[in-house]
Amino acid sequence: MTDIWLKSLLTRTPQEGFELAITLSRRGVKYTQPDAAVLQELRSEYANSAEGLTAASQVVAINFQTVAAANDYWRKP
Amino acid sequence: MTDIWLKSLLTRTPQEGFELAITLSRRGVKYTQPDAAVLQELRSEYANSAEGLTAASQVVAINFQTVAAANDYWRKP
Amino acid sequence: MTDIWLKSLLTRTPQEGFELAITLSRRGVKYTQPDAAVLQELRSEYANSAEGLTAASQVVAINFQTVAAANDYWRKP
Amino acid sequence: MTDIWLKSLLTRTPQEGFELAITLSRRGVKYTQPDAAVLQELRSEYANSAEGLTAASQVVAINFQTVAAANDYWRKP
Amino acid sequence: MTDIWLKSLLTRTPQEGFELAITLSRRGVKYTQPDAAVLQELRSEYANSAEGLTAASQVVAINFQTVAAANDYWRKP
Amino acid sequence: MTDIWLKSLLTRTPQEGFELAITLSRRGVKYTQPDAAVLQELRSEYANSAEGLTAASQVVAINFQTVAAANDYWRKP
């Protein structure tokens, strides 16, 4: 990919970190399937499947581990 | 999302940390499927499936790793 | 939940730590499905499925990582 | 369980650590399904399934992370 | 394999690190199935499956944890 | 097992570390199913399945985390 979408893992708040984890999870998908129309269709599929949503939440959890460690868990206010 | 739901990863006790891990797991789902009615329906589905419950417990375990590390495992009383 | 079930991640021995990891895994399930009768039925289902047992063992392994780190791997006797 | 099966995570060599990881994985199963006859039958099932074997290998990999960290990766000879 | 494809885990930016994580994930597949024609066919299969894409994204997330840790999370600009 | 197959987690290069991660993944399978003929047959099965290959790549990724940490990510040239 030629566009720059990830400049830093540092975020101001844990919530922004969680949202970055979601971005990372979606990008992981997009590198494999870059076609936006296909993604849109598949998205509506797993967004209505209990199993698909749990699997998506697991990828977010793994990426959130990375982002949280990068930010030293936002321990300092 | 515009509401603030995650201000800190720090909790007073391990149990509160575990409950935060559950919140994180559910939020991971909610970002993908924001429709509360759909979520409610799917929830009753996987809450009655052995496989679904184990998968949900796994996401909680991964998020609990993050929360526990953030709190230095609540080692100091 | 109002009952206190998790006061500390520290255990005296690795085996007690492993057993705490099992408790954490089951609690992860119980927060999603609090009904004991449903849990009992589902339990007998996955306890007789190779796939279900391996998945359960994986959740235990993830929680054991957390408990073991909390106890600094019980390195000091 | 009343028998003592896990006294330490420390092993002399990485290979012994890997074998301890296998023990941990099997114990994770045994706590859920203590009946040896049922386990034997299920074992022959997943030992002949590509998916089952990969899943078992994944649990071993997760437990090996724990054992390897406990032993500081056997860096010192 | 005789070709050299992985000289370092260090990258200049987080995004390059993410792309290295994708390379690692694909290599993990290629060691098991080296036949490029088979890979191409299977790729079009899972690239059009919600479940397959989520699973692929999960492997990327795990490898990204490794690459990010290696780079100390690109904390220093 | 009586043969010695794992003497150290240290490797000279990241690529050798990745290949060690593959060895660990295969050994995890072999401890469960030691019969080489059965393994060969199952291998050709999952090597031709998108899902099976992704699952195999995930186990490699987990083992690579361990090997990379053991080698301090090969940071020093």
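To keep things simple, chains are lettered A, B, C, D, E and F as they appear, and every chain counts its residues starting from 1.
Going forward, a contact is a pair of C-beta atoms (placed from the backbone, for glycine too) under 8 Å apart; a residue touches a chain by one contact, two chains touch by 3 or more.
These numbers were taken from a predicted model, which means no experiment stands behind them.
The minimum number of touch steps separating chain C from chain D is 1.
Counting every residue number used by either copy at the chain A-chain B contact, under half are found in both chains. Distance from the chain A centre to the chain D centre is 31 Å, each centre being the mean of its Cα atoms. Note on chain placement: the centre of chain A and the centre of chain C lie 27 Å apart, centres being C-alpha means. Touching of two or more other chains is recorded for residues 43, 46, 49, 51, 55-56, 58, 62, 65, 69 of chain F.
Taken as a graph of touching chains, this assembly is arranged as a ring, one closed cycle with exactly two partners per chain.
From chain B, with the walk directed at chain C, the chains encountered around the ring are B, C, D, F, E, A. Within the complex, the chain E residues that touch chain A are 13-15, 18-19, 22, 43, 46-51, 53-58, 60-62, 64-65, 68-69, 73-75. Those residues of chain B lying in contact with chain A across their complex are 1, 4-10, 24-29, 31-33, 38, 42-43, 45-46, 49, 51-52, 55-56, 58-59, 62-63, 65-66, 69-70.
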